[in-house]
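Chains: A, B, C, D and E, in written order; residue numbering restarts at 1 for each.
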Amino acid sequence: MAIKPNTAFLTSYRLYVFAFFLFLAAPLVAAGMFAFNDSLFPSLPWQGFTLDWFFNDTEPKLGMFHDRRLLRGLYYSFVIASFVSLLSVFVGTCNAFLFVRCKFPAKDFFYIMMVLPLVIPGVILGISILLLASNIANGAEEALSLDLDFLRPGIILVVLGQFSFITTITSLVIIARLKKFDESMEEAAFNLGASRVRVLRTITLPYLFPAMAAAGIVAFLVSFENFNTTLFLVGSEAPLTITMYDRMAKVGSTPVLNAVSFFLMVGSALLALVSILVQRDKPQT
Amino acid sequence: AVPAQAETLRLLTWGSYAPEELVKKFEAANPDITVEVTFSNNEEMIAKLRATGGAGFDLAQPSHDRIFAVQQEYNLYKPLDLSKIDTSVMEPKLLEGVKANTTIDGEVYAVPHQWGTSGLMANKSLAPDVKAWGDLCDPKYAGKTSMRLKRTILLGMAFDMGEDPFAAYADLDKYQTILDKVADKLIDCKSNIKAYWKGRDDLSAMMLSGEIVASETWDSTAYTLYGENPDIVFVPPKTGALAWIDTFALPRKGEADDAAYKWINFVLEPENVKIMSASTGSSASVKGAKDMLPDDKKAAVSAAFTDEDIANLKFFANIPAGVEDMEGKTLEKIKAATGSE
Amino acid sequence: MHSNTGHDLATTENDLECVQVKKHFGSVRAVDDVSFEIPKGSFFSILGPSGCGKTTLMRMIAGFESPTSGDIQIKGKSVIGTPPNRRNVKMVFQHLALFPMMNVYENIAYGLRCAGASKEEIRTKVHDVLERISLPDVANREITQLSGGQKQRIAIARCMVLDPDVLLLDEPLGALDLKLREAMKIELKLLQHQFDTTFVYITHDQSEALVMSDNVAIMNEGKFVQIGTPQELYHKPSAAFVAGFVGDTNRWAGRVARVEGGTVEVETEAGLTMRGSVRGGKAPSVGDAVSAFVRPEFITAERSDGTAARSAGGQNVIEGRIDSILFNGANSRVLVRDQAGELIEADVVLTGGTQDLKPKDHVTLSWSAEQTMSFTV
Amino acid sequence: MHSNTGHDLATTENDLECVQVKKHFGSVRAVDDVSFEIPKGSFFSILGPSGCGKTTLMRMIAGFESPTSGDIQIKGKSVIGTPPNRRNVKMVFQHLALFPMMNVYENIAYGLRCAGASKEEIRTKVHDVLERISLPDVANREITQLSGGQKQRIAIARCMVLDPDVLLLDEPLGALDLKLREAMKIELKLLQHQFDTTFVYITHDQSEALVMSDNVAIMNEGKFVQIGTPQELYHKPSAAFVAGFVGDTNRWAGRVARVEGGTVEVETEAGLTMRGSVRGGKAPSVGDAVSAFVRPEFITAERSDGTAARSAGGQNVIEGRIDSILFNGANSRVLVRDQAGELIEADVVLTGGTQDLKPKDHVTLSWSAEQTMSFTV
Amino acid sequence: MMQNDIKRLSLILLFAPFALWIVLLIILPHLGMFYISVQEKVGPRMYEFGLGNYINFFAEPIYWNTLIRTGSMSLLVTALALLLGFPIAYYIAKIAGNRTRGALFLMCLIPLWVSDLIRAFGWILLLRETGIISSSLQWAGLINTPIEFLYNDATVIVGLVYTVILFMIVPLVSTLDGMDDSMIEAGYNLGGNGPTVLRRIIIPYAMPGIVSGCIVVFMLTAGSYLTPILLGGKNSSWFTEQIYDQFITRYNWEAGAAFGFLLLAFTSLVIWGGLKLSGQTLNSTVARS
């Protein structure tokens, strides 16, 4: 603790902090709460507690675990997020080694290039990738009558679109950890007779693993919740956020959306917890 | 869990045009077909198909006025094989109308499915006098009306101001002057409305809670709300409700045409029409459709429409290229205008 | 080149030998023409100021850098071109570089595993080496659960279990705190006895080098200045740098006023005159610039009445006044300001009695010419 | 309570005074009933092992913690309740806490700006203080461009420019490397002379405390064990803890075999018998457990023929064999293994001649009973 | 030398994924977008090179007004996020005890893991005229008639601040965490009072974190889509919405691409200006967090 302010100040400070967290929690609580409202509309008045919006299997109160479309959205989200996190952790790890270990000209410039995707508005990322992909596909179709289906909106483009900025996040996380790595540890292993591959496998990667796992989880969650970039790239396999948005904007919301929200909140909180646990490793020697 | 030789029918359609009940029934009847549904609207349907070059979906359901120009411009659809569709069950007037609207080089690109109208919705007890598009701007209901900031209201207002926008499609300069007039009116009106609704959802919420008393609406929404509160009725504006027909069209690179035809025929079967109409709230373009409406909907329709109103319907005309852009700009102008606040 | 250095037959007696090793980084000559040989089983230290090239030299021996020119031989065989994981030279790193994701047992077993030893063999050897470093019970501890001194010993054990020809240690005590460092100094020496392996020890702390080593090389600016036993370096430095770097000392810069055989008369810049013995290679002549060094422990300080005393015979005598007293138990020291205004350090014994010297006392400092090492610069 | 401590009138002569200060963190008694007073202009050190409460005490003086009970007075005025920025007590932090986003000038000017000094005044004072710490040219450097020793001096200057009543220093040399630390020790002492301000210096390194201080307080487990001049602490420790903590020492645990006035005969656990002088408060009686301490410099080691010698009179004599020699110039030492198998340290002078002791030599160790400090435990 | 060959090979192997990623997914798409943005439509499926789309933008006040509005509201959101977030970050990094610190940090992150949509949805449920807040105020007797909190700029700002504040707090906590407590104590010890220490020591020290937080927050805000759409009122246009409209409703990809490019250029310009003003570089700020 730096220095103790006087108690009156500290009390009001604490109150402010409390109010802030109330502010943070409010919309989530509101969104989660109505998942249990026994009504067809996610709004007051409170009609009584029910779990129908999770488990009921008949219309009109079709619970989320019986709603095929939501489940399909969940499934696509899951597939997309898995690919995105695997891919972005892989490239992020390569980037970490590239930027921490290698010397090459214009490194600073490339580093800025690496950080850039994080600050490009997601909408623009989605659009630009969509435009490029469609133009190439159209060009290929007209000129060569080639059908490059993977360049059409669909899972692949969604994965690429999310990957394009999530990789920056994973890179930053992994770079931070690799920077803390004491290179003499590798030299020590080398000195003890290990081959290069063995050093990588037994020393460096195990050391990086917590960061890679945490980066993977972050990537997974960010991918799962992404809307702006996905919106433009989605084809017929809509992930959950898009499904929910379509449901809300085009069909009308029922508390089943709250149920999904609640489910996601709990899931995300658990995942976030896991990521914190894996990252909390023993202090360095 | 999917059978080995399964085919997927990817529907690109409106929010309520693929009720789960019907999909399940269809899949039961055709065990080798799985149905995947993407909800959309006219603009997004076109945008999406344009981006995919007509791939990614096997059956789309744009409105009848949105096919001709788009097809010419972007070549998104393939011609229908009418022999595979049981057109005999369709209401001939609607079928012919759609065919006329969507024939290019002798090929027909769409057949009708559901039709409905856009008009007004009012809470009879709170806003008994809402009769025309312009009444949404009546200071009596200041802060208690709503509309969707889309082309429907532009057209409606134009009719309300005594113009015929559809006629003006032939002369886009004239159309622009109409739009300018409408824009001025709507900008003036801005202070009168509570919010622009964006989807069925917020409109229903505002209407049911009494936050607003009158709004521009799709008839189906009004019918649904009638079920909740019989005071809420659909009001065909006195210049005529605007009528649209959602169609069936095959995206150019659809891969499951047979399944698509099967679906089209399937939903036109009378017992399925009933289920569909219960979900959409609008009428199917089959003969005797009104009788196939569920009872509550029937009551709502009866409460809303007289035969006179039916005769007065204004069907959306084919949109020529470039009109979307003009309208878009007008809408942006209205949205951006803050002077009247 | 090799034949020049003249040890073609008997090389196998040396565990490690460097022949005219150079390493240049661009224009920096980190190691500049270093040759030495270390006989089997000895404790060899390389002592030098920060940045003089010690680590670079050691990294070349370990194989992490390759020399710009010159040869490195281990057990008589050149290892140039042999990758580090094939050299039987193990290294203890400054921050130890123990693997935090493995426990003590796994850390020690790591090298054996790399060498493909059997499980049984690994177990025996690890327990053996833990026994020898007197930590038989820590095998299952995590690295973080060890104290600083224990970590130190594990780092050594991890290398020694592989039975290296040479163990390199790069300032391994640098990160420890004071008390522990003192204790580890003695311990390291005992461990080296235990294992009877050649240790090459890098440090910039002279007391570490002096206390532990059989032989010490003094390094400066990439070159070895002198190699010798601690006593030789302390009492018979061959260069001004060594005299100044090893042990505490008073230093004067001056000019030669007179030369008499092995003795010179030096006139310092501040105006003092003292007699000194000629050290280093060069014979001085009158007028040469010299540095004169006298260690504080060779200066006797006695309370005087303030009247000037005279130097006589082999003895230098100076009058001064005590500026301050640095009491440090057995290692207490006085700072005396002489007439020329310079501070001279002299060791004294302070018993806490009334006889003790006090600040502002007038004292006579005296030391023999023999202990006044004078180097021509 | 205050009147108990007996300085009601003359308090203003003390720059700093603590009266029965206590600080408890939950059940931890970090500082436990500490009272002391520091006269104007002196250099006062607090020496104790890690975790004994030194920092906590200092933070209370600076005002970052408030004492659980007791009073702290600066220049005779209680400062309990005065916030830290109103106390004229400045502090040099362990890691110096120089502000990295300001350059040297701004760092030093910070305090003056807070006090609302005019631009002109600030400029003069900053340049003045830089002059005094002999760094007149660094004003425009960034902090990162300074060497360790320079940073140290800037940190002191930053405080001294405010002309504090007391300067607190919390192990300011802890982060420096060895050579620099030695140099800074002397420098700090000189700076204190320069500024003539009361310095309160915290350290766990005894040589720092002994060399620099006028008075040293030995602290252990939150309590002051002894306050005195360095000589007093070294030669007349009042408790076993002080004898063991200050200076190097041999230590035996044993029992009292005989008592003769101020002298006791102690039988150690390993079976040695030695005579010692009674120290500490308690008078021993036969059978009491005692700790006996002898400093290595009071033990004389002479080569012997291996036949047993006998203790006689005030002298303890022991036969042994040299285990190893720790050559360290003037501070060389031998480790002698006695018949009981214990190691005893004795200081020796090694000149590098043939007379020098060698490992495995038989030696006779002798030391006087007077120098054998024995404390009842 | 073999060493060098290995080094070069691994450099190439490591550089390849990076280059593929940046070139294929970032640079080429943006070049492509730029290319499309300088196409003008002259007839069905006929295009011509020209700056018409950009000229259109500058000729039509609606567009640049919206862009400026988006920019200034984003700046406001950024400022608010900083103002509100800084005390929280400071509390987490410096005042909270060791155990609560982790918990508070975690609590800060939880909303981050929920999509924009759900957050906006939650706000709608809370703020609408018949929503929870209005109802509870009525129930408590504080107001008589329901109040509409939704559909105005203030709500959009609240919603946006809510969405982005975490991206402000996280880098701030990490920079403040790295600040030695004794730096603050030294600030007091040398005579500074609370505000002085804050202004002269803590804020300058935290500057890299502040700037990096501001950049990310500003970019996220300017590029956000759902929150301003769902919470915004009848006057609240947002530039991303116009981009979306150009693409989706008006089938005008060329103008949409131009708008996208303009948004990117505009936000980059603002950030560049901000960096210049604060004397930081992109490398020293965003890269650090």
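Everything that follows uses one rule, which is that a contact is a pair of C-beta atoms (placed from the backbone, for glycine too) under 8 Å apart; a residue touches a chain by one contact, two chains touch by 3 or more.
Keep in mind that what you see is a predicted model, and the values were worked out from it rather than measured.
Among all chains, whose Cα centre is located farthest from the one for chain D?
For chain D, the chain whose C-alpha mean is farthest off is B.
Comparing the two chain pairs, does D-E have more C-beta contacts than A-E, or is it the other way round?
Between the chain pairs A-E and D-E, A-E carries more contacts.
Express in whole angstrom the distance between the two chain centres, defined as the mean CA positions of chain A and chain C.
Centres of chain A and chain C (C-alpha means) sit 56 Å apart.
Centroid of chain B to centroid of chain D, CA atoms only: how many Å?
Going by mean C-alpha positions, chain B sits 89 Å from chain D.
Would you mind pulling out the distance in Å between where the CA atoms of chain A average out and where those of chain B do?
Inter-chain centre distance comes to 36 Å.
Listing for chain E: what residues touch at least two other chains?
Each of 128, 130, 185, 188, 247 in chain E touches at least two other chains.
Show the residues in chain D shared as contacts by 2 or more other chains, in ascending order.
64, 84 - these are the residues of chain D that touch more than one other chain.
At least two partner chains per residue is the criterion; list those residues in chain B.
198, 205, 209
If you look only at chain A, which of its residues touch chain C in the complex?
Residues 182, 184-185, 187-195, 198, 202-203, 206-207, 281-285 of chain A touch chain C in their complex.
Hey, which residues of chain D end up touching chain E in the complex?
Answer in residue numbers: 62-64, 83-85, 89-91, 93-95, 97, 99-102, 110-111, 113-115, 158-159, 162.
Any idea which chain A residues touch chain B in the complex?
These residues of chain A touch chain B: 41, 43, 59, 62, 67-69, 72, 130, 134, 137-138, 141, 147, 149, 152-154, 232, 235-238, 246-253.
Using the touch definition from the top, list the residues of chain B that touch chain E in their complex.
43-44, 46-47, 50, 70, 72-74, 149, 190, 193-196, 198, 202, 205-206, 209-211, 321, 324-325, 328-329, 331-333, 335-338, 341
Mind listing the chain C positions that touch chain D in their complex?
Residue positions touching the partner: 50, 178, 185-186, 189-190, 204-205, 207, 210-211, 230-232, 234-236, 246-248, 295-297, 324, 326-331, 335, 347, 349-352, 356.
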